[in-house]
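Before anything else, here is the set of structures, which you'll find just below.
Two complexes are shown next, each including chain A; its partner changes from chain B in the first to chain C in the second.
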Partner chain A sequence: MNENSATGDSLSGLHVLEYPYRRSLGPVLSRFFTDLRDRKLTGIRDASGRVLVPPQEYDPETAETLHEFVSVGPGGEVVSYSWVAEPRSKQPFDHPFAYALIRLDGADTAMLHAVDAGEESRISVGSRVRPRWAAEPGGSILDLACFEVEEEG
Partner chain B sequence: MREVGIVSFAQSSALRERRNEVEILLPVAKEAVEASGMKRQEIGFTCSGSSDFLQGQAFAFVMGLDAVGAWPPVVESHVEMDGAFALYEAWVKIQTGEVDSALVYSFGKTSPGDLAEVLALQLDPYCVTQLWPDADSVAALQARLFMARAGLEERDLAEVAVRSRRAASDNSHAIVKGESDVETLLAEPCRSSPLRAHDCPANGDGATAMVIATGDRARALCDRPVWIRGFEHRIDAPALGVRDLTRAPSAQAAARAAGVHDDKLDFAELDAPYTHQELILRESMELPEDLEVNPSGGSLCTRVLFSCGLTRVGEAASRIASGAGDRALAHTTQGHCLQQNLAVVLEGE
Partner chain C sequence: MSDAPEPITSIITPVRLEYDFTAGAAATMFLRGLAQRKIIGARSRPGEPVMVPPRGADPRTAELTLEAVEVSDQGTVVSYSIVRVPSDNIPFELPYVCINVLLDGAGLAFFHVLQECPLDEVRLGMRVKAHWAPDDQLDTSVTSIEYFEPLDEPDVPFEEIREHT
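Presenting the complex of A and B:
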């Protein structure tokens, strides 16, 4: 191992501090992310008939296993938002943007994502948004790069 | 139910620390054990709460035992949660009849890492974490929804901060304290709209420790034991979109099950790291409007992650032990947007 070395009498080795877990997606999120790669948005119907997006494997109320996928979107509506004036390095943009809870058309629950609104005055509760897709899908939530605010009228 | 009383409580200053976790914890655990009047070897069980994610190392919590002494061997356990949940485990252990006393401790040192990034790791790892929403922004989504539903303005949130900071003035451990006024606070820019810095917790490093014991043992050890009369915790769904973020059903269920409403409360210590969360908790836990909340200043003014819940219990118990009240609620929350909640009802002898 070339990262390890002996200096005089003492051994030293590289120590990388991280949680190197790999996760599998399971039957429901596999479908969601496969569809997302193809620029389609998919939810799931829960026991009470609500459409959950992102889809959940189990009903949040009754814990029943859920099966019935439902196509939703691509447009949606802002349910709540917070304006990030000074983005942090890992966040989706290096210019100010909004995190928002977005209820996609045909969905009953909201999903969290970023909205590239340019400035805070362009977004409000009830704003219509549509997805901006990543040029190259990479198999993550970022295949949906962000949402953008639809022009009025 | 076996009668279980809080016998002693200690906490560190919550300032940013150069010392490591064990060095912060050692004097606090020692103080609690000495104040209990028991020798460490006489205490039946040791239970701790902390999170390895803050240290970035699996099983980092085991090092905490260096601070309490692991020889002669101790019976111990740990929860990857706030120390208030370790207190719950210790209380259950005593209810089983296996032990008659316990030392409970917790610690959190958040200053070496980027807390906003660490807390993003407790969100849905597939659909949310990779967007790296910081905890303040996630709380802000909840605040905007709650303000709209309850008809509140940013001024109403600032008033919670003003009152909390004033209450914290007498708390030597508080990070943020003193007189402030709503106009000055509202003149500051938003951190993550609609929240400003005063709406968000003042984070620090620290440790908390507590000793509990059964009925006559507790009476023999201290003048006024503070009895745990009810103790429950409940949890809501983790996905942010599937629940009504303006309410905390698990806080309501925990409060009811703990018997909060069986008798009059003198005050409450709520673990509400954000101003709007205190208002949600008051409503969800069905507390009287005129109830005194957070005479210590609360977690808004002094948040030591994974320790501030146990501190709420300790602050409430100390206040009752000093005679400044007879019956109180202490509360702890975990997760984003008040997802999981614990309620404990305390009563003086």
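Presenting the complex of A and C:
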């Protein structure tokens, strides 16, 4: 703790609260992450025929167990995005980027990921994106490092 | 890439929050005491329980606890838990024991770690004392107490600590 003139006579200091959770994936997300390591994108078909990405174990409407994995992507389309002008230390880039909802080709739902667009003017709703894969997969969502915007035409 | 055929069955998803903590008057007094090997609590008035660490008010009555009271660095174990689950941010060798210790003179149990005691000898009522950090490592931080260790004294009967267990 530090003496801090800004807080009168009180001590103050940096505190860090951190929980290093290890999360069990279950059979469906295990398949998703294992495929991701092998540079494949996988969804699952729900009871009404829609393809959910990321895949879910149970149908969100009927709760029945889902089994039918479907390959999707690798390209996709930006459904919405938020531009991160001043990234924080734990975010995937130290330069400005977008968090975007991306509907992969063949999917009916959108998934959240980072788009390394360089500058905000290069991304818009409807932009076509493609994955950039991590050079060294580590068994996390960042095995898919990010998406990048495809050049026009 | 595909030379690791085992499926991925879990992922690590850390939750992390960095913030500036301002201790306020009560905790500042407590932390400054620790840097001098003193454990300082507070009470609302004589006869009322001494809160350690002090939070500025009596949690039962919300009365301000403006009277500083130094308590002993010796006390009695009133509850404990054995930690066997590893975590990257735990500096102790597993398994280890967390204790609630009722310091002599305090009215509220204080949370810390017990060391130098075999697991099967930890018990309610056992007497313990603070093991302080070396002089050059004393700081306005709870790390000034490295851990608690057993004290060679008879146990306190359960009836005397019942309300704190």
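Everything below uses one rule, namely that the second predicted complex is superposed on the first by the 132 of 153 C-alpha atoms of A that agree within 3 Å, B and C clash if a C-alpha of one lies under 4 Å from a C-alpha of the other, contacts with A are read in each partner's own complex, and residues count from 1 in each chain.
Note that in this section contacts are C-beta pairs under 8 Å (C-beta built on N, C-alpha and C of every residue); 3 or more make two chains touch, one makes a residue touch a chain.
Values in this document were obtained by computation on a predicted structure and should not be read as measured data.
Novice: Applying the touch criterion given at the start, work out whether A:Arg23 contacts chain B, chain C, both or neither, answering first, second, both or neither.
Specialist: Touch partners of A:Arg23: chain B and chain C.
Novice: For A:Arg45, select first, second, both or neither according to whether it touches chain B, chain C, the two together, or no partner.
Specialist: In the superposition, A:Arg45 contacts neither chain B nor chain C.
Novice: Contact-wise, after the overlay, does A:Ser80 reach chain B, chain C, both or neither (first, second, both, neither)?
Specialist: first
Novice: Figure out whether A:Ser140 sits in contact with chain B (first) or chain C (second), or with both, or with neither.
Specialist: In the superposed model, A:Ser140 contacts both chain B and chain C.
Novice: With both structures placed on chain A, which of the two partners, chain B or chain C, ends up touching more residues of chain A?
Specialist: B
Novice: Under the stated touch criterion, which partner chain does A:Val125 make contact with: chain B (first), chain C (second), both, or neither?
Specialist: first
Novice: Applying the touch criterion given at the start, work out whether A:Ala114 contacts chain B, chain C, both or neither, answering first, second, both or neither.
Specialist: Only chain B; A:Ala114 stays clear of chain C.
Novice: In the superposed arrangement, which partner chain does A:Arg37 touch: chain B (first), chain C (second), both, or neither?
Specialist: second
Novice: One more residue to check, A:Tyr99. First (chain B), second (chain C), both or neither?
Specialist: first
Novice: Considering each complex separately, which residues of chain A are in contact with chain B in the first and with chain C in the second?
Specialist: Shared contact residues on chain A (touching chain B in one complex, chain C in the other): 17-19, 23, 25, 33, 90, 140-141.
Novice: Under the stated contact criterion, what part of chain C meets chain A in this complex?
Specialist: Against chain A, chain C makes touches at 1-2, 4, 7-25, 27-28, 31-32, 87-89, 139-141.
Novice: What part of chain A is in contact with chain C in the complex they form?
Specialist: 1, 4, 7, 9-25, 30-31, 33-34, 37-39, 90, 137, 139-141
Novice: Give every residue of chain B touching chain A within the complex, in rising order.
Specialist: 53, 56-58, 114, 116-117, 124-128, 130-134, 136-138, 140-142, 144-145, 148, 189-195, 237, 239-243, 245
Novice: Using the touch rule from the top, collect the residues of chain A that touch chain B in their complex.
Specialist: Listed in rising order, the residues of chain A that touch chain B are 17-19, 23, 25, 29, 32-33, 52-54, 56, 60-61, 79-85, 88, 90-92, 99-101, 103, 109-114, 120, 125, 140-142.
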